[in-house]
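There are two complexes below, and they share subunit A, which is joined by subunit B in the first and by subunit C in the second.
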Partner chain A sequence: MDMFVLQMFNGLSISSILLLIALGLAVTFGLMNVINMAHGELIMIGAYATYVTQNLFISYAPQAWFDVYFIVALPIAFGVAALIGWLLEVVLIRHLYGRPLDSLLATWGVGMMLQQLARTIFGAPNVGVSSPAWLNGGLTIADGIVFPYKRLFIIALVSVVLLCMYLYIYRTSSGRRMRAVMQNRSMAGCLGISTRRVDGMTFAIGSGIAGIAGCALTLIGPIGPSLGTYYIVDAFMVVVLGGVGKLVGTVCGALGIGMFNTLFETYTSASIGKVLVFVCIVAFLQWKPRGLVAIRTRSLD
Partner chain B sequence: MKKRTVKLWSVLLGAVIALTGCVEGGTPPEASGSDGAGESTSSGEPIKVGVLHSLSGTMAISEVSVKDAEMLAIEEINAAGGVLGKQIEPVVEDGASDWPTFAEKAGKLLQQDKVAAVFGGWTSASRKAMLPVFEQNKGLLFYPVQYEGLESSPNIFYTGATTNQQIVPSVTWLLENRGKKFYLLGSDYVFPKTANQVIKAQLAAEGGEVVGEEYTPLGHTDYSTIISKIKAAKPDIVYNTLNGDSNVAFFKQLKDAGISSEQLTTLSVSVAEEEIRGIGADVLKGHLASWNYYQTTDTSENKTFVEKYKEKYGADRVTADPIEAGYVAVYLWKAAVEKAGSTDVEKVKEAAKGLEFDAPEGKVTVDGENQHIYKTVRIGEVQEDGQFKELWNSGAPVKPDPYLKTYDWGASLSAK
Partner chain C sequence: MMSALLKTGSLKMKIIWAVVLIMMCLAPLISTEFRLSLLAKFLALAILAIGLDLIWGYGGVLSLGHGVFFGLGGYAMAMYLKLQASGTTLPDFMGWSGLSGLPWFWEPFRSFPVALLLGIALPALLAFALGWFTFRNRITGVYFTILTQALVLITVTLFVGKQEWTGGTNGITGYNAIFGFTLHSAGTTIALYYITLAVLVLAYLLCRRVVNSRFGQVLEAARDGENRVRFLGYDPAGFKTLAFALSGALAGIAGMLFVLQVGIISPSMMGIVPSIEMVLWVALGGRGTLIGAVIGAVVLNAAKTGISEAYPEGWLFVIGGLFVTVVLFMPNGLVGVYRHVVRLLKRRGEVVHVPVSQEKPKVY
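Entry: the complex of A and B
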C-alpha cells in the first residue's frame, strides 16, 4: 500500500517535470512548427542562470537573504532564456520558417555551440546548486511515505506556469494575435498584425519557459553543460505523443508517459521501463498518428 | 532578397567565428608551454610521450583533471632535468569520450609520433578499445583509474586499483561494521555489472545477502522509483557503482526522500572529491567511499602534491584518486626508464618489476607479474567541507590480484 501511494506520487512528480520541460517546446514546436533542437540548451541556460544568481547572493547579499535566491532566480532564468531565445529567432530561425529540416540542423548546431560556450565559461565538471532550506526535507503523510517538498514545489510551479500560459494564450489580446498568426499567417498579416513581432515574442516565451524548467531542474539533478541533452528526447516525446498544437495534448502526454514510466520501472528495471514506454508510444502513434489530442483545422486536412 | 542573403551569410560567419573561438578556448594551454620547455637546459632530442584523455564529450568532466595531473608531473620532471638528460615532450590527444577514437588516437601516437609511452583512458570501454592497439604495436599504456579487474595485458600498466584493492576489502569492512543486507545499484554497463558479480560471489561466501540489484542507463536522472524500491527492500547498505552525473541526481533525491546517512549507509566507488563539488557536500555528508587516496591523506608527499596542483590550476581545484594515479603513472614510467637506461618498451617493462615510488598515497610498488601496483585501501566518510575523513585503511599496501585467485570464491569468476 505504502509503495502504491508513493509510486502514484512519483508518477505525478515525473509527469510534472516532463510537462515543465515540454511546455516550452509545445509553444515553439507545437504552435510555430519549428523543430528547435536547442531547446535543451535553453533549459541549461536557465539552470546556469540559477547557479549564477545563487553565487551572486552568496557574494553580495546578506546571509539571511540566501534562501530567497531561488525565488529571484525564477524570473531571471525566464528572462535570460527568453532573451537568448529571442535573439535566436531574430538572427536564425526567422529565415527558416517552413523549412523544418533546415531549422532542425541549424538549431542543433546552435545547441552544440551553446554547450561548448557553457563548458568554456563554467568548466566541464558539474556545478553545485544548493537548494534553499525551505525546500529541504518532505511532508510525512504516514510512516514511510514522504513527499519531498521539492517535488511538491515543482508540481505547484508547473500548475502556475500552465495557468499563466492558458490565460495568456486564450484570454489576452496579444495571445489572440499569436493564435491568429499560428493558424493563418497571411490572413493575420492582412489584418494588420505584425507577424514578425508575434513570432519573436512567441519564441521568446517558449524559450523563457525552458529557462524556468532549467531553474526547477537544479533542485533534482546534475547541472552541467550537457544537461539539455538528457531532457530533449523526453520533451519531444511528450509533445509528439500529446498531439502537436494543443496545450491539453501536452498535459495528457506528460501525464501518460510519467505514469507509465513509473509503473513499468516499478515492476521491471529502469532500462527496460524506458524501452517499454517507447514501445507503447510507437504502438500508439501507429494507431493514432496525430497523437492524443489532434488539432482540427482545415489547413491540416 | 540580396540583402537577406548577405545577412544570412554574416550570421553564419559570426557563428563560425564564435565556434572556433570556443574550441580554441577549450584547448589546453599546456600545449604551448611544452614547446618552451623543450628548449631549456638539457641536451638531445626530447622524448615524446602521449597524453590521451577525453577532453570533450561526456567523460571530459572526469578526465580533464587527470590530464592536468599528468601534465603537472611532466612539467615537474622537465624542470628537474628531464629523463636520461632529455626533456619530455607531451603529445596531447583528445579521445572525445568515444571508444573508437581512443583506439585510433592510440594508433596515431604509436605509429606517427612514435611516443615512448601513453598515459590515458578512463572508462573500461576506452581501455578495452586501446588494448589491441598497444599489443599489436608493442606500445606501453599507463591506465590511471580503478576498474573491474579480470584483465592483465603485457602492454598496460594499471596504476589505479583492481577489485581486491578497493571493492573486496570495502565489502568485508561493511559486513563487519555496518550490516549484512546489501542493495546493489549501478550504471548499466561493464564496470558496475562485473563489480557486482564479484560482490555477489563475495557476499555468498562471507555471509552477506543481496536484497536488490538495479541498473540505470548512464545519464539517468530520476531515482524516485528506485528509492521507493530501496525503502521497500530495507537494506543495511546501498553499494553504489553509479558513474558520472547520475550520482548527483541519486544523492539529492535520496536526501529529499528523508533518508539520511545515519539511517542508511551508502558506499560509492566512483564518487571522489571532484564529484562531491558537483553534488554538494551538504548532500553527501556522512556517506562513504572506498579509494586508495584522498586529498586529506596524511603523507608529506601528498602535502606537496596538493599544494603544487592548486598552485598551478587554482585554489578551488581538488585532487582525487584517479588524479593522483595519473600523476604517479608518469613518475613510475620515469623511474623505470632511468633504471633501464632506455625508453625501449621491453627494457622499461623489465626494469619496472618491483619498482618502488613514494607516491602521495604512500609507498607503491609495481607487481612484476601483472603490472598492477601495490596500493593501500582506504575507506573515507564525506565531511561538511567536501573532504574525506579516513575511517579505516588496510595498513599496508595490498598486493594486486586482478583475477581474485587468492580468494576461494574468486575461482568461479576468473574461470569465465
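Entry: the complex of A and C
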C-alpha cells in the first residue's frame, strides 16, 4: 500500500513536470500549428536564468536573503524565455506559418545553435543549482511515506500556472482573441484582430512557460546545455495524446503518460516501460486519431 | 545498369551522368585508402538519403525515425561480424554483463545470408507496422513526425538498457574481418567501395523507377492533396505505408554497409540528433529530386568531417544555421538553386519562352 501511494505520488510529480513543459508547446502548436523544437532550449534558458540569479544573489545579496532567490528567479526565467521566444517569432517563425514541418526543421536548427551557445557561455559540464532551504525535507504522511517538499512545490506551481493560463485564455479579452485566431485565422483577421500581434504574444507566453519549467527543473537535478532535449519528445507525446486546442486535453495527456510511465517502470524496467507507453499511445491513436480532446472542424484540405 | 541510367533525361544529362559514374569508378586509382573509405561511408549514407527522399520528397511524410532503421541494419551486420569474430565463445560484452548463453535471437545471425536478409527485413517490417498503424487512421504530417521521433527515443533507450543483448552505450565493437578478409586492408576497402557504389546506383535506379511509375504518381498526388486522392478511389495509406517500408529497407542496407566501413555501431549513431541530420541531407540537396539526396548526403558529411576536424565546436552552429537557411531561403535545396540559375541563364540568353515552372507546387 505504501509502495502504491508513493508510486502514485511519483507519477503525479512526473505528470506535473510533463504538463508544465507541454503547456507551452500546446499553446504554440495549437494556436499557430508551429512545431517549436527549440522549446527544449527555452527550458534550458529558464534553467540557466535561475542559475545566474542564484549566483547574483550569492555575490551581491546578504546571506540571509538567499532563500528568496528562487521566488525572484521564477519571473526572471519567465521574462527571459518569453523575450527570446518573442524574438524568435519575429525573426523566424513569422515566415513559416502554414508550413509545420518546415517550422520543425528551422526551430531545430535554432535549438542546436542555442545549445552550442549555452555550451560556449556556461561550459559543457552540468552545473548545480542549490535549492532554497525551505524546500528541503518532506511532508510525512504516514510511516514510510514522505512527500518531498520540492515535488509538492512543483505540483503547486503547475497548478498555479494552469489556473493563470485558464483565466487568461477563457476570461480575458486578449485570451478570447487568441482563441479566435486559433479557430479561424482569416475570419479573426477580417473582424479586426491583429493576428500578427496575437501570434507574437502567444509565442512569448508559450516560451515564458517553458522558462518556468526550466526554473522548476533546477529543483530536481543539475542543469546542462542539453537539459531540454531530455523532455522534449515526451512533452510532444503529451500534446499528441491530449489533442490540440484545449487545455483539458493537455492535462489529461500529461496525467496519462506520467502515470502509465511510472506504473510500467515499476513493474517492468525503465526501458521496457518506455516501449509500453509508446505502444499504448499508438494503440490509443487507433481509437482517437486526433487525440483525447480536439476541436471539431469540418475543414478539409 | 548504365543503359537503364542512360534512358532518362536529355543527351547532355546522359553525358554528365556517364562522366560522373566513370569518375566514381576511377576514384580508387587516385585516392588514398583513408579518403576512399571515407567516400564509401558517405555513399552508404547516401543510400539512406535516397530512401528518405522517397518518403519525404515524394510522399510528403517527414520521418525523423530513420536512425532506427539505419541502426537495425547496422546491428544486424554487426551481430554477424561479432559472432564470426567470437567463434565458439560468447561475445565479450555478454560475458561482462553476466550472460552464460547466447540469446535465442542472436542465433540466426550466425549465417551471413540470414543476417543480410534480416538487416533489410527488420527495418522494413518495423516501418511497415508503424506506417500501417498511423497512415490508416489518417495520422499525418506533424503527428506522424512526432511519433517517429518517439520511436527513436524508445529504441535508443531500449538498446542502451538491454546492455547484455546489445552492448549498451558502447554498441557492438571488436570485429575486423569479413569472410576472412581484414576490413581495413587495401583490397577490402576498394572492394567495399565498389559494392557500396553499385548498391547506391541500384538504389537510385530503383527509386527513380518507383517515382516514375503509377505508384509514384499516386504517392505524389497524395502528398499534394490526400483527400482528393481518396475521393478518386485510391487508398493513400497503402501507398504511403509501402513507400515508408521501402524507405526503411534502404536505410537498413545503408546501415549494413556503414558498419562494414566503420567497424562499429552504437546507439549514438541512431539517436535523435543523427536522425534529424539525415533529414538535413535531403533538405540541403533538394527534396523530391532523389539525386539531391545523394548530393546532400555526400556534401554535408564531407563538410562535417572537415569542420569537426578543424573546429569541433563549430559544427553545431553550422548545422543549425543550415537548417534555418535551407528552410527559409532554399526550400528546394541545392538542386532547386541549380535549376533556378539555369532557368535565369536560359531566359537571358534566349527570347524563346521557357515555361517558368516545371516543378509541381509543394504543399506540406
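Everything below uses one rule, namely that the second predicted complex is superposed on the first by the 297 of 301 C-alpha atoms of A that agree within 3 Å, B and C clash if a C-alpha of one lies under 4 Å from a C-alpha of the other, contacts with A are read in each partner's own complex, and residues count from 1 in each chain.
Just so it is clear, contacts are C-beta pairs under 8 Å (C-beta built on N, C-alpha and C of every residue); 3 or more make two chains touch, one makes a residue touch a chain.
This one's a predicted model, so the numbers in the text were calculated from it and none came from an experiment.
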State whether A:Ser271 touches subunit B only (first), subunit C only (second), both chains, or neither. both
Just to be sure I read the superposition right, which of the two partners does A:Pro289 touch: subunit B = first, subunit C = second, or both, or neither? second
Please work out whether A:Ile220 is in contact with subunit B alone, subunit C alone, both, or neither, and reply first, second, both or neither. first
Examine A:Pro100 and indicate which partner it touches, taking first as subunit B and second as subunit C; both and neither are also allowed. second
First (subunit B), second (subunit C), both or neither touched by A:Gly137: first
Could you say whether A:Tyr149 touches subunit B, subunit C, both of them, or neither, answering first, second, both or neither? first
Which holds for A:Pro125: it touches subunit B only (first), subunit C only (second), both, or neither? first
Touch test for A:Met8: subunit B only (first), subunit C only (second), both, or neither? neither
If you lay the two complexes on top of each other, which residues of subunit A touch subunit B in one and subunit C in the other? 92, 95, 109-110, 113, 116, 119-120, 269-271, 274
Going by the contact rule at the top, pick out the subunit A residues touching subunit C in the complex. 29, 33, 35, 92, 95-96, 99-106, 108-113, 115-116, 119-120, 229, 233-234, 236-237, 239-240, 269-272, 274-275, 278, 281-282, 285-286, 289, 300-301
In their complex, what parts of subunit C are in touch with subunit A? 62, 130, 133-134, 137-139, 141-143, 145-147, 149-151, 153-154, 157-158, 160-162, 225-227, 272, 276, 279-280, 283, 313, 316-317, 319-324, 326-328, 331, 364
Spell out the part of subunit A that touches subunit B in their complex, as residue ranges. 2-3, 6-7, 10, 13-14, 17, 91-92, 95, 109-110, 113, 116-117, 119-120, 124-130, 136-138, 140, 144, 146, 148-151, 219-224, 226, 230, 262, 265-266, 269-271, 273-274
Residue ranges of subunit B touching subunit A (in the complex, touch as defined): 4, 8, 11, 15, 18-19, 22-23, 25-26, 56, 58, 60-61, 64-65, 188, 214-217, 219-222, 224-226, 228-229, 231-232, 245-246, 248-249, 252-253, 255-258, 274-275, 277-280, 282
